[in-house]
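Pasting the structures here.
Note that subunit A is present in both complexes that follow, paired respectively with subunit B and with subunit C.
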Partner chain A sequence: MSSILMHAPALIIALPLLAAFLTPILSRFNGKKISWFVSAVLGITLLLTLYMAGHILIDGPLIYVFGGSEAGLTLPSGYNFPIRIIFQIDAMGIFMALITAVVSFLAAIYSITYMEEHTGLDKYYTLLLLLATSMFGMEITGDIFNFFVFFEIASISSVALISFRSTISGEPAEAGLKYMVVSSISALMVLFAIGLFYGQYDALNIAAIASFMQYTQLDKIALILFVTVLAMKSGAVPMHMWTPDAYSEAPAAITMVLVAASQASLYALFRIIFTIYNITLNTVTVGWIIIILGVLSMFIGVTMAIIQKDIKRLMAYHAISQTGYMLLGVGVGMAVLADPQALESFGISAMEGGIFHIMNHAMYKGLLFLTAGALFYRTGTRDLSKMGGLANKMNYTTIFFIIGAAAIAGIPPFNGFASKLIIYESVFQFNPLLSIIAMLVSILTLASFVKVFHSAFLGPQLEEYKTVQEVPKSMVLAMGVLAVIIVFFGLFPDIIVKNLVHPAVMALINQSRYTSTILGGM
Partner chain B sequence: MNIGLLETGSGYWNALVWIIAVLVIGTGVLFLRNKGEDKYKKDTNQTKPFLSGNPEISKEDSHVGASHIYWGFTEALKNYYEPLVKMHTGSINDYSSWIILVMAIIFIIVGVS
Partner chain C sequence: MIGNFPFVAVVIMLGLGIYSLMFKKNLIKIAIGLTLIESGANLFLIALGYRKGSVAPIYTMAPEGAKMALPTPQALCLTSIVIGVATTALVLSIIMIIYKKYGTLNTDEIRRLRG
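Moving on, here comes the complex of A and B:
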């Protein structure tokens, strides 16, 4: 194993973290170039993540032990469970890390011109790097307390970025405060749940806790805490109300990263129920809890979106709605986890649909938020009632919006259709009504984006926007890359499902493989 | 054609075949369209919409804004929307209450199962 690969798990955390501390110092010398430095660092991190993904998908999980004599020495002699912090990256972890790497890199590229007129950019980029670091950490750590630390860093950096001073309109400080309160509640609950594990099993390593799991009353309480707060951080209804506030007030590039950060919480929810608890819990009950949260999120999210007039708020409600699809797909997988026949017949497919939708959603929702940012950049408003006729002047943005809107509405041949089709067909075998609701929500999603398209892009040129031009190249580039990914995933979904999604689903389901990677054959 | 062939668990999906089908059907539609009426004259009254009663409003004033779109839909679902919108108070106390409420419900469900 090459030296770079061996240390890659630590490097994808260390690089953006070190750069975060360097950014304020470097900005003292040349504040204008700091955006390029941050983009370069996140670009290198993306390459490193791709390199690791190639290795993990071929050779299996990667582990990294901090402070050990060897990076792969999980059990020092005399111990039967790990005591050091360990990063454990399996197919599911790297799947999420790829999303984080792509999204944070493109956010930095987009911000080069989107944010250039604003002051305090050293703080902006430092926080962006910290947010990326924390998301990577949440996704690759194999230690539950270490997860809590990254979870907290993600919350703190998100609060500061939502409230970033440079947002012209709206109430970013209020949105940041609300997010801070709900994040504090969730952090306390997560810490309490971790305490319950530690108190019973004397272990913080996820694989060790999974192998010791007895599903006691205390474990049940920990489960309830984890499910509630991680579903809330993912934006599940009825705990979603922070989402439109935070997503609409943050700068557009940050909103895109916040979507990925919410998905990191969703990943944590799935990791805990599948890897730590697995079939020790009542899979049907917990599966149905997740399904119901998913259906509520899908339906209430989309119906609330239809009546919005603020473009980013509308898209934020759609983010809630799309999270519902992920919860539905994976919830069905959880509900049939203890039934090998149903799991084989449709459970794995439902989970593939849900997990594939995580990546698709990060790409098309990211693109849509960037197009909303482009409209705001040129018009200075997020109010759809004040927009119109912008397709005449903003050709690229219009095309990117159409691609993103078609993808989120599940129109072929874009990526959203591929993952939704898998969800519809597999969920139909579990419960036809759920599948019908999912299809109805897609129709309402299309209706909602037709409204946005008509309001913002169609119609005659308005007098106040006669001088509007297309957005600068760095913004077009970031949107263009996302559009290309959406089209590619839509045309060749089989490549992504076979090589990324299916291994990720199997990594979630196969608890013994996760534990044996750390604990050996015990 | 195996390139792009996605197995969905119950069937198959191939976006490339779909695109080819759209192109073939689109070509057929275009062919039929070209076989149609050829007395259409550009830049004549034929191209203007027929509006009875009121004078035609200017293009700039004819754009339907976001607040007017789907008015009928939301009006018909007024009984659904009124409590739903009221639920979104914007108060952080309510945000926290929802978390506690959901936690209590899950506590009961998981506790008795």
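Moving on, here comes the complex of A and C:
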């Protein structure tokens, strides 16, 4: 491995972070070209992530120790537990980092023309880069306090991005405030739970905490705090009130990144219950709690979505509903974690469905939000009742919308079908009722998107949209890449599940592998 | 008992903060509630690292064999304070924008996003 690539784990944090603070300086010289600079930086980050993914999936987890004499030295002589900040990237972490890299790169490409007319672009791109940095940080760090820091950076930058356009009207600021309150409480409760861990085990490293875990009364309190606030940040149902506001008021490209940011919280939830607690906790109870959160999210999300008139609000409620599928799949895996036979026969495949759905969701929901942005860009409204007859004028957008809508409704041969089928099959063996609810929700999703398609794209051409054209090339390109990924995943799900999703699930389930990478054979 | 007093204070601060978040209608009071929770979490971290009669953890200056306070929670707390400043500044500036656009700070009247 050449020397610079050895530092890839640090570079995917350092590069966007450095670029974030270079952006305001560079935009003094040439404000118009700054979007290209940001896209290039995020493109390089994507390449680095792909390189690391290849390395991790072949050679196993990657460790990077900050401040150590060498990158792989986790235990300096005389220490039983790691004292330095360590980045530990296993198959699950890199799986999430890939989503983040793709999504943030495409958001930058899309923004080149989408945000062209706006002022204050240097701040917009600084915040976008910071958001990308913090999501990478949350996904690859092996240190729980480090996770808190990135969690806070993610909240602050995404709040500022949500309320980015509040100079025109008050609504983005209102949505931003809601999200800020939710994420501040979440982050502080995470900090409190970290304090509970540190008070008991004197460790901040996730692997070290996992190996010392006693599951005392205090750990139960910490577990409750983690599950509540991370489910809240990922938009699961009883705590979902911020999701539609934040998703609908943010600029379209940012909404796509926000979906990925919510999934980074979801990843943190899975990382904590699987890696830190694993089978020490009462897996059946916790598993059922997650399943119930998931089923509620699926059902309430989709029923709220059907009555919406604002296209982005409707999609935001669908995002809640789809989060339910991930929770359902992984929850079933959690519930049978202590039972090796059930885990082997359907638990692992349920988790594969849930985890695969995370990536699929990021892709098709990103595509759908981008098409909503394209409609907004040309028509200036998000209200479905004011749109109509756009299919003739915006051919590419129409095709991309159909692909995205078919994928979210679980129609073959798109990627949503692939992951939903795995979830249906495996959950059916666990509890048939859950599987039936999941299918019902899928049908309601289809109904709701047929309505959107009908009211936005079909029907007679409206007078005020006579001059509407297709959106500019950079937006088409960003949507096109997502559409290609969706179709590819839909046609060849086996390749993805075998090479990317299955290692990720095994990395979650196998706790001792995670701890022994850091602590040796303790 | 007296050693546990900081933890009692932590619980009181968290409780007051959550109370003001849930039941207060004024946005500024909600912002105060957030800072209260943050102070509670910081106090919790600091209280974890304290031992009675301990000295500051500076190896070159501490007397021989003296007990030292644990420095890590203090480092954590410092980081958290810095983040807290940024959060508070952002919350307050968003509240300013809301006041400009809506002309009120009452949460019952700031409800354009619904459904």
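Basically, the second predicted complex is superposed on the first by the 517 of 522 C-alpha atoms of A that agree within 3 Å, B and C clash if a C-alpha of one lies under 4 Å from a C-alpha of the other, contacts with A are read in each partner's own complex, and residues count from 1 in each chain.
Note that in this section a residue touches a chain if its C-beta (ideal position, glycine included) is under 8 Å from a C-beta of that chain, and two chains touch if they have at least 3 such contacts.
Just so it is clear, the model here is predicted, and its values are computed rather than measured.
Student: State whether A:384 touches subunit B only (first), subunit C only (second), both chains, or neither.
Tutor: So A:384 only meets subunit B here.
Student: Taking the superposition as given, does A:282 touch the first partner, subunit B, the second, subunit C, both, or neither?
Tutor: A:282 sits against subunit B, while subunit C stays out of touch.
Student: Once the shared chain is lined up, is A:173 touching subunit B (first), subunit C (second), both, or neither of them?
Tutor: Touch status of A:173: second partner only.
Student: When the two structures are laid over each other on chain A, which of subunit B and subunit C touches more residues of subunit A?
Tutor: B
Student: A:249 in the overlay: touching subunit B, subunit C, both, or neither? Say first, second, both or neither.
Tutor: second
Student: So, does A:79 touch the first partner subunit B, the second partner subunit C, both, or neither?
Tutor: neither
Student: In the overlaid three-chain picture, which partner chain does A:227 touch, first (subunit B) or second (subunit C), both, or neither?
Tutor: Once the two structures are laid over each other on A, A:227 reaches subunit B alone.
Student: Based on the superposed arrangement, let me know which partner A:198 touches: subunit B (first), subunit C (second), both, or neither?
Tutor: The second partner, subunit C, only.
Student: Which holds for A:185: it touches subunit B only (first), subunit C only (second), both, or neither?
Tutor: both
Student: Going by the contact definition given at the top, which residues of subunit A touch subunit B in one complex and subunit C in the other?
Tutor: 177, 181, 185, 245, 307
Student: Spell out the residues on subunit A that touch subunit B in their complex, using ranges where they run on.
Tutor: 177-178, 181-182, 185-186, 220-221, 223-225, 227-229, 231-232, 238-239, 241-242, 245, 282, 285-286, 289, 300, 303-304, 306-307, 309, 346, 348-350, 352, 383-385, 387-389, 412-413, 417-418, 421-422, 425-426, 428-429, 447, 451-452, 454-455, 458-460, 462-463, 490-494, 497
Student: Could you pull out which subunit A residues touch subunit C in their complex?
Tutor: Contacts found on subunit A: 145, 148-149, 152, 155-156, 159-160, 163, 166-167, 169-171, 173-177, 180-181, 184-185, 187-188, 191-192, 194-195, 198-199, 204, 244-245, 248-249, 307-308, 313.
Student: Which of the residues in subunit B end up touching subunit A in this complex?
Tutor: 3-11, 13, 15-16, 18-19, 59-60, 62-67, 69-70, 73-74, 77, 80-81, 84-85, 87-88, 90, 92, 94-96, 98-99, 101-103, 106-107, 109-111, 113
Student: For subunit C, which residues count as touching subunit A in their complex?
Tutor: By the definition above, subunit C touches subunit A via 14, 21, 27, 30, 34, 37-38, 40-41, 44-45, 48, 72-73, 76, 79-80, 83, 86-87, 90-91, 94-95, 97-98, 100-102, 110, 112-113, 115.
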